[in-house]
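Before anything else, here's the structure in question.
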Amino acid sequence: MSGQVKDSPAGEPMTEAFLEVSDLHAGYGQARVLHGIGFSVGRGEICAILGPNGAGKTTTLRALSGMVKGRGSVTLDGTQLLGRLPEQTARLGVAHVPEGRGTFNDLTVEENLRVGAYLRHRRGRRARSERVAVAADLERVYGYFPKLRERSRQAAGSLSGGEQQMLAIGRALMLRPALLLLDEPSLGLAPLVTRELFRIVRTVNEEERTTVVVVEQNAQLALDIAHQAHVLESGRLVLSGPADQIRQDGQVAEVYLGISVQARKGG
Amino acid sequence: MIRMRHTTALRAAAAGIAALLTATACSSQRGQDDSAASADGACKGQQTTGITDKSIKLGGIYPMSGPASAYGTISNGVSTYFKYVNAEKGGIGGRKVEFVVRDDGYQPPKAVEEARRLVEREKVFAVFQTLGTPSTSAVWDYLNQQKVPQPFVATGASKWGTDTEHPWTMGWQPNYVAESRMYADYLKKEKPKAKVAVLFQNDDFGKDLLGGFKQAVKGSDITVVAEESYEVTDPSVSAQMTSLARSEADVLLNITTPKFGSQALAADAKNPRWNPLHIVNSVSASTSVLKPVGFKNVQGVVSATYFKDPADPQWADDAEMKTYRAAMKKYAPDADPSIQFNAYGWAVASSLHKALDAMECPTREGLRDAVQKLKDVKVDMLLPGVALNTGANDRFPIETMQLVRFQGERWVLFGEPLDTRQKFGPVTG
Amino acid sequence: MSTGELTMHASRTARWARPLAALVITAALIATPYYFAPFRVFQLTMVLLYAVVLAGLNLLVGYGGQISLGHGAFFAVGAYTAAVMLDRFTTGHLATLPVAAAGCFLLGLGFGVPALRLRGLYLALVTLAFAVFLPPLLKRFEHVTGGSMGLTVPKPQPPSWTGLAEDQWLYFLTLTVAAVTLLVVRNLLRSRVGRALLAIRENESAAEVMGVRLSFHKALAFAWSAMFAGVAGCLYTWVIGFVSPDSFSLNLSITLLAGLVVGGLASVYGPLLGAAFVMYVPNLAQDISPAAPGVVFGLLIIAVMYLAPTGLAGLAARARQGVRRCVEHLRHTRRRPEPASPAEQTGPPQPEPQPLTAPPTIGKG
Amino acid sequence: MSEFLQQVVEGVGAGSIYASLALALVLIHRFTGIVNFAQGELAMISTYVAWQLVASGMPFWLALPVTLAISFAGGMLIERLLIRPVEGAPELTIVIVTVGLFIFVNAAAGLIWSFTVKDFPQPFPEGSVALAGVDIGWSTLGVIGVVAVVMGLLYLLFQHTRTGLVMRAVAANPASARLSGIRMGRVLMLGWGLAATVGALSGVLVAPLLFLEPNMMGGALIYAFAAATLGGFDSPVGAVAGGLVVGVAETLAGAYVGFVGADLKIGVPLLIILVVLLVRPQGLFGRAAVERA
């Protein structure tokens, strides 16, 4: 497996390709960041995108959610995502938790979560049932993140970094997303908090069969929860495969992911 | 990148060459020399730029844009007068008038540019009206150097009359000092022990009028007990009015421009504890300033005037006013004839008509001399009893005004027209 | 000679192109006052004068990313410094320039200190406050400033040996100052100050980490910027010969900022284009609508921003890029295609994606 | 003492005028991050619309809601037609578009309605009430009352409606709002519409005090800038508080501090702003959030 870039189903059992990315190019203005990457994610899988700083990980997520324009093809359950704005991809069930949390700091915790459920507002006959469903989801999110319930009336800006990240994920979950995009959830958080976060992401994934694409610098953590992983370098995929395999390939880990084998053993 | 820079440089060079060629092609543009057209005969050697037997070209600079655009409509009154004269009187002395209006946005540098344009490119006979003290101050050196007449500037600063180094420039409207003398004279008779509170606009106009008033009441028992200024950029003068009310003065001298005039009149009316005799200066004495305040709130307000207010019903049957209204309707259908500035424009244009008629030589020098030798020239838009007078030692054409008091729905003239020069002596710088 | 050929030969002719261009431009600038009517010369003088203040403003706004709505006030301080010196102390004209420059530099430094704590909008509004406050202040000190009547001062007269008329002499004086200004600005930008400014604009915290003495350079940028406004103000007094408080209202500051943005921020030509816009477009507006030039002028500002969101200079650059692409295209079709130059690679994405070579395998590194 | 109180009342009256316009400024800044230089002129033109309606025979209390509706639509239209096309451009570009709009609207109003002061109907009774030796004009009370009501309505809108929640979300974090499926365009249009409506109300309220002519709001706008800056430019409560502080401070300083006088009184609020900003760079009520460059 080592060294094989995944263009085609590479043998491992994949239920079905839910998210299909092929030949994706993207960039900012004149600067091109992604030079044609392709991968696919099965329904209900967690996919980690790893790589050094500036490799194009964040750009990949932004292209998926429409925050930057991309060329090529990105389909979600057969629907083309490229050429749509963020507010449109959200309607298709894509929930993107951007880098640096992306909470609404002036709003209370509960208001943040309600904004997350913005698209589920209904008029007429279905209004009532949907309201009930949203209320249930609120409970569900509080269930995952009990700390948020404690602070439901506080302004999001007053939360700690870890709580804000929880809130950002919780807000994304309120959309009942088909695809959850997480950008560097560990950024600036204490290791313990990060571990807790990733555990919850895994739980959500298992309980709700939400497909997750997570971008991480901390490769080790991401590989712990991911089913599949892809390594990006300078806008190109250099490595793809099941998370376990990538993690076990010591050389790969060292060269591309900065995971010191010693450290891993020690930790 | 490097290549691009060279390209730019080369292209700029090409553009430079093109500019040079263009410049050479029309090198006569520079010529100041060919402007010195001159007359023969008795008027030999005098400038005839902009004037022929059949035509005369005049240029005016007004704020058509910017903060003082309210005054821009004066040009409508002037243009209408000239159109009327051209169409119905065969022009001025057989010469059709061409009147070029330029906008300076009330900015002195723009006024300089436009004055140069009028003189050098339009080759006007005279710059008939620059508006406002700053713009006029900025251009008068240039116009006097070029020996271009600048008659009847639209500002009442006294410096146009007191100055001796600018023979080509001449004021028209009563200077602010003369107006303040009217009020001083009135108070000396009516309230010899008056305590006066003054609200004034903090610019040349307000300062001139206030200074003139203080000068004129010197030696009498009239005292200025409070003065408050405002900037034209202030939203409102109500705080100043509250301060003035504290003085408990028995006279309020309201030296403002229209909007602030309305505000001050309204503030006075609203205050039940303070009821001074309210004197409003002529700039704000239009009926259109008083009407928004409510006529019942401005009864007994005193002012002084020198030309007929078109919004005032007492002139409805006046022959000149009828002519004016008909001409405005015909030649400036979009302009509102009841705005006093239009009538002002009409009055000053007909004054220029008289001056042009009085020229001994149809030359710039002729006009310069004519406006300095006006003797009892009657202008129909001016009040009866007001006439233009200038002479060797008198460079203020209008110094006679008459008091008016607001009664019912109109201004009522009272007293006799007062020649402030006779009463107080010449205004000095 | 078509533009296309010009471009293609450019690299070959490069060695002598720049000096030649400089020579021709200098010649054209020097020849101008001999060919054009005095009133045209006056207009050009005013364009150069506004270009000086806009170049200073560009330093602050364009390169430093700080907004000032108070440059009309610095301009006024420069103008009044010159006017008061000429009127009260009858110094020569030349003496007024360094005093106005130094005075405004110090004043700008004084403003730069509070500016250290303020960013964007708040700095803009504090400078706006200065612009609003200055005219009444000038009126207050009547014995020095002439109050609301203003001051009329003599203009510099051409020495008789030059044989020049007054307008030509003023033009050359302004041209000299403007040329020096543009050179100084260019050198400033190339110096540590310029690099620091760029760093500040791009990312303050990163600049701080990089060891740029942020506060110092910010204050300094403000001072330089104010100085050029003061220099332009001094020229204004020379050229117009009259100053009055209400000529330097808030509108002037807003016009200057608008002129710079319309001309193009952080661009070498931006101030010149902006100055030309401020000078000539109101004339265009009143030719179109004599009764209400403001209607047209307002629409023209909106239209320029609509067509050229990064200013006229940006529009020129875009046009140049368009021409270049067109030329490249011609070159490609005429000759054999050549490998893409780096310049092309940074260009906008081509409509069709280029076929990618197979992704490199892991063994590559 | 009563004289002093009278001046305070005068200041509060002026302050409520500034506050009402500052409120409109803040509404736009919150959602778009720009300062709308044309805010005062838009309020002025709305006032002319009201004047025109009343002049053509409509009763004032009917003309008012019609004017507000027209202003709301007009504000949305301006966002869509003038601001949206330059949306991606640098913020200064958008600010300069509003400067162009300022010049255009001012000149257009002069062209259509001339510069003569218009006779605007007074919605509140004339005269004043005397309270502890202080005269308070009904019109001043009316302005204060309406500003208070507008504040209340805005509070209800923002805190207790879904639309308000969405608008606050956009103001707090536009990128995340879009990722939650919120259409920015609509919210921005709504923001401009609201600001235009509040501005129109401000214009109609102050027209009887300032007198309606095309330059009516020019001076008030500068004070409104001061008020909004003092309040932090993002906070409606701050805008109103800032307006009152500015109004009272300038009035008292102009009246009682000898060397300040009426001519330099505008310096007083400016000085307060400078001091406040040096202590709290984000204004009294502003968020300490990082400013977009």
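For reference, chains read A, B, C and D in written order, and residue numbers begin at 1 within each chain.
Heads up, the rule we're going with is that a residue touches a chain if its C-beta (ideal position, glycine included) is under 8 Å from a C-beta of that chain, and two chains touch if they have at least 3 such contacts.
Keep in mind it's a predicted model, so treat the numbers as computed, not measured.
Contacts with chain A and chain C are shared by D.
Without chain B, contacts among the remaining chains keep them together as one piece.
Distance between Cα centroids is largest for the pairing of chain D with A.
Of all chain pairs, the one linked by the largest number of contacting C-beta pairs is B-C.
Each chain gets one centre point, the mean of its Cα atoms, and the points for chain A and chain B are 73 Å apart.
Averaged C-alpha coordinates give centres for chain A and chain D that are 43 Å from one another.
One finds 37 Å separating the Cα centroids of chain B and chain C. Separating the centre of chain C from that of chain D, both taken as means of CA atoms, is a distance of 33 Å. In chain B, 65, 67, 69, 202, 231, 233 are the positions where the chain touches two or more neighbouring chains simultaneously.
Across the assembly, chain D contributes 103, 107, 110, 222, 263, 266 as residues in contact with two or more other chains. Residues of chain C in contact with two or more other chains: 132, 136, 139, 250, 291-294, 297.
Every residue of chain A that touches chain D in the complex is listed here, in rising order: 65, 67, 85-87, 90-91, 95-96, 98, 102-107, 111, 114-116, 118-119, 121, 157, 168, 171-172, 175.
Interface residues of chain D facing chain A in the complex, by the touch rule stated above, are 162, 165-166, 168-169, 171-173, 175-184, 287, 289. Against chain D, the residues of chain B that register as touching in their complex are 65, 67, 69-70, 73, 202, 228-231, 233-236, 238-240, 242-243, 246, 258-259, 262-263, 266, 270-273, 288-289, 291-292, 335-336, 339.
Every residue of chain D that touches chain B in the complex is listed here, in rising order: 3, 6-7, 10-11, 13-14, 17, 103, 107, 110, 114-120, 126-128, 135, 137, 209-220, 222-223, 250-251, 254-255, 261-263, 265-266. Here chain C touches chain D in the complex through residues 61, 65, 67, 114, 117-122, 124-126, 128-130, 132-133, 136-137, 139-140, 201, 204, 250, 254, 257-258, 261-262, 265, 291-295, 297-302, 305-306, 309-311, going by the rule given at the top.
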